[in-house]
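Have a look at these structures, which come just after this line.
First subunit A sits with subunit B, and in the next complex the same chain sits with subunit C.
Let's turn to the complex of A and B:
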């Protein structure tokens, strides 16, 4: 069947696709592995791209330099309004968590107080008037006693009485140099400078200090600042003198980390430290702004802006799943056994803007998703047995191992066909009256005594948990299985007349199955908390239809592949993939619409929603 | 070229040997720049009168930029003082050993601080979370993120 006609037909496709692929590569410089699947996924398009669907939220992905621009704008505003220099504006904004309005208000009220708290200046002697525009302070022996602004992240803390004068005096008897460490540094030092940290007194030493005039050598400063940035992820770096609350300015840190009097290796480390410092500042800015969220994927420096999901109230009507636009993890092998990304482009950086869940938890809202995850954690022991990969055949009792994502099982020994999830006969699964997804509430309703009620409630939970866990596991197994299949298909491409494009159709299907299983997984969390009634019934109808479609496609993906059956398989898989995609959108769209309309009623109290009316569950 | 930590500790040791330690503090052993031991007694009237404890300092190559790991020695007949900020395994919850550490502080300054911490104690008792803490405590107290929630001691 692999005729000339067949070949030339797809040849046309191929040229087209190649152009698109080339375009992608030019733009992003990504390797072939990272190619956008859509480039050759024309078969699968259901709706034109570019239109936002009802279950998608509007957001924007920002690069590190985009965020830096936003920061710069805030800084410039403060420079203009308060008449301070740029470093001061930076320290003030960071101290006030980038709340410009509050900063202006507080500063107008009492500039000295804000400047001291932010670590810009040491506390003034009471008599002298507070200079507003300058942060160069005359030498003063005052030790910053206000500690409030020094470590914004620190919990209430104070040291345990070590600052008693006796403690300081005693320690100063140790070394002559340390007696001077709390005194101002006279501008013309009578004796050669000895660094009070490393005790170096070489004449080439560069003594440096912040405006508090506590001098230390440049080597100690660099070591200290690097340690704070690298080991402690601290961006507000205090002076090294004990009890001094001054914070190093960016200029001070930059000058140290770009100093040219170090060997090339150290210069390289310093350069990385400076980059890390920039990242810490951006992370702090992003964390301070409810419209922004930093991409949680390892080593990614992108930010997502999503004002539509910035308020807590918005999270009862939308599930703000966003993506920073990047894929994969830099440095991580794309094709490692456990990652499940075999042959597929690196995993897209999808995450929830509204909660800490680092994956797509549509269709269920954040509060219910979190509640469910907590329940699963609390009950993990009860449910652990479910995760096993083996079960007994209900007919002949022989052990059956699951090694693919499909839930349609056939016992090797007695040929009994059954459903892995409910262990019921598979023959009934296709029929309209049978629903594997729906929990039969009868047992709970009939339960009279406390013991059978608690048993019924556990059974009910296990029904949902079982299906929840199974979709996750099935998705993983499909990806593993696909890895083997892909190898085979690549081999076939070499030995037969199949073109590269002809052996790619499974990729898209596997991706789609993975995506839909994630939707299905979360529909079980949603259904567990949905109050009984018409709405829940309709929800479960949609859930069942998607599940059925996914299981069918999943089964197809596990059928044996031979060169002769490829064209037919390709057609079938393509059709089913389109159908699965459609069913998935129906579930997502209807659920999203239900949240906007306030149609979904819960059987438990869920954060942000009205308390449920009294129901059985 | 010696490292900063070695030069710094060498200097501290020279001064300890030349000038001696403050009253109540005695150097037991400092054969290298990795671990030092001191005994510590509280002078004058206090809840710890007549008691002697051993304090251990462990230094990494980043000292004094990073703080030393300081704890009381427990075992071999030695115990840690009963104090609201000292755990029975010898770990000490003190902010100058954690986020208020300053590289200008010295080994002796730490000894003196801990001595005065004991001297000002009003009531001999263990931290309220002692049992829970020692069950999961890391070997190195620096790995613990203490919350310095009590500034009245």
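Let's turn to the complex of A and C:
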């Protein structure tokens, strides 16, 4: 766990954190690893842990069973208030997207209408025989059926708007306690029973129906329900009869999927289908509740609760980056190399609660981040050349490939040292004049005619995009860096007296560089949209200081290791890591404070913010 | 036996035994899950007298997922793609029920020919034609039935000698083609009837015109 960044509503007590982890995931081994890090990583503490920082949002990670408890509570409330059974309460709540208040209101107003619309009961037929058309299907007289049912009226429930008082009366007499009829004798079945779907007529056949009395064999029901769940991710599963709007209850589905009269292999598949159904229900509940969001990482079933970011309005002042508490992807290879003792954990499940971006886009707010991503997508053609991984040395023109995260390039051929991003000489970057991060706005101001203005606008965009893409690229190369670092840590243990614990400083440094590159990446999106002025200058000062610190640390990590230098290197890396961490927090804190104060002004219209004053940029 | 296979076999047998519905389902080869269905065009419609063939693909999870059907015979109808034969019909999608059969679905297709739903079109061009000029639409649909579905008049027309200029002009309109397009290729020296034939076959209409190069058309004309 990245414990420094983990929110905990406790006073930061260690055991509380562990409990939370254990309650939400079952990846063994990692918490042990984290414990080591926590015990020995004290060099790096800047702020005491357990305290939420200004750029962190309050949230809670929920396991699948936690969410189930929330659902159960809503169901129990409805059972108590409306006097229906649990199955019915479930169907009603799902139909109303778990809006309890609206459900109660609608139900009080017209219970039949709600029960029919939710598929709990069949519509009261207008004094005609029950619709058992399906019985005639196996025979040849299907023309009438199919023609009248060619566009089956799923909306038939809507017709109930003008229902008679008798229909209302009948609904109150409907007893939703027995929503399924499992007994073959319960309906007016023709004997012997022939399943209208598989045409099977074996005497051992188990005919089942919902309260609508449309009987089908248990095998067909199971196949149908499985197909709906697996192929269509559908949680409201209607009766198989044509045009019948009754929805199968959980009990009905559960009974089918846990039936014992199937072979073990099928039983296993059924069990998985039932689990998938449970997940669909939870996903629907979570999607219906603005305070909750399902973890977007593959195969993860955790949910995050973050009421502070539930409203759209809140997203102009906070960047709600949350984590579900789990790490890695089950079954996927983790970042650590083959059996090395570095034991780097899988990627933390960090995502934005406020928008679909599945990573940490701090410090920039959701609307601006998405605007930027859209621009990058739209302009990717023009900007493509920048992303390329090779460049030419500006001195000798030989091709140079970037293979690590560091921007300090040295040409192998002519030894020319330059900056990968701006291609300027590196010597200038090491001085107080370092200004690789700042776009020279003068060129844009001087542009007079439309053509050079549009060129200037493209150049301006490319300035930011270039740096954005570079940090993204470097972050992608971090896997290499991890592997290289792991190798170095092994070497260090061999060439020095240091123990495994004592070489962990390398790992911590790599993680910090990775995290800061993420911040830096998004600061360029932010700066691109920031209106010119003092505030932007200060923002870019902080950005520059962080960038400089990160590049220095990157370079340290790539420097060769000699046995006699190791203690010094350790000191330098540790110090630099603390410094980098501090610079990162300064950027994040100041930006977050700026959003709360409404200090940041944009140069374009951004969703949720005041339109910018007309300025040239 | 595999439940899907048992059901499909039963459906095919039932359909064979049923002499009243006029619906036919036949095997194409030994694959029982790729079939061909056919039915006569409904009486009192522009499709009357035609014989319409439908490609039937039975998915793995049939009958719990809907059967896949498309017209093999070209049909001029708002809910059928004039180019691909794809069909827009609710029971082939979310309104499917496992109690529906291949036969009942084919009957639904037959009844779709009786009652087009231009507000839920598969072919926007055809739907526009249907809503703006019903008479002209009927003419084209009848013509397509003759040409593609073996409708009445098709055979006697073939026996006739060279068609008159006036008749040919009508032919352009009811084939759903543009006079300017026919004139353009006729001017290259090809017989008018051949131009109409080729353009119709290439579906030289609407958005398709832009997709087909002149070279491609000439290539077909030279065949």
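Going forward, the second predicted complex is superposed on the first by the 489 of 617 C-alpha atoms of A that agree within 3 Å, B and C clash if a C-alpha of one lies under 4 Å from a C-alpha of the other, contacts with A are read in each partner's own complex, and residues count from 1 in each chain.
Methods note: a contact is a pair of C-beta atoms (placed from the backbone, for glycine too) under 8 Å apart; a residue touches a chain by one contact, two chains touch by 3 or more.
This is a predicted model, so every value here is computed, not measured.
> Have a look at where A:565 lands relative to subunit B and subunit C in the superposition and call it first, second, both or neither.
In the superposition, A:565 contacts neither subunit B nor subunit C.
> Does the superposition put A:224 against subunit B (first), subunit C (second), both, or neither?
both
> May I ask you to decide whether A:311 touches subunit B, subunit C, both, or neither, giving the answer as first, second, both or neither?
Neither partner.
> For A:241 in the superposed arrangement: first (subunit B), second (subunit C), both or neither?
In the superposition, A:241 touches subunit B and subunit C alike.
> So which bits of subunit A does subunit B touch that subunit C touches too?
The answer is residues 151, 154, 196-200, 216, 219-220, 223-224, 227, 231, 240-243 of subunit A.
> What part of subunit A is in contact with subunit C in the complex they form?
Residues of subunit A touching subunit C: 134, 137-138, 140, 142-143, 145-147, 149-152, 154, 196-200, 216, 219-220, 223-224, 226-228, 231, 240-244.
> With touch defined as at the start, can you tell me which subunit B residues reach subunit A in the complex?
It is residues 4, 7-8, 11-12, 15-16, 19, 22, 62, 64-66, 85, 94-96, 99-100, 102-106, 108-109, 112-113, 116-117, 120, 147-151, 153 of subunit B that touch subunit A.
> Show which residues of subunit A lie in contact with subunit B when the two form their complex.
151, 154-162, 164, 166-168, 170-171, 173-175, 178, 181, 196-200, 216, 219-220, 223-224, 227, 231, 240-243
> Can you list the subunit C residues touching subunit A in their complex?
These residues of subunit C touch subunit A: 3, 6-7, 10, 14, 17-18, 20-21, 61, 63-65, 89-91, 95, 97-101, 103-105, 107-108, 111-112.
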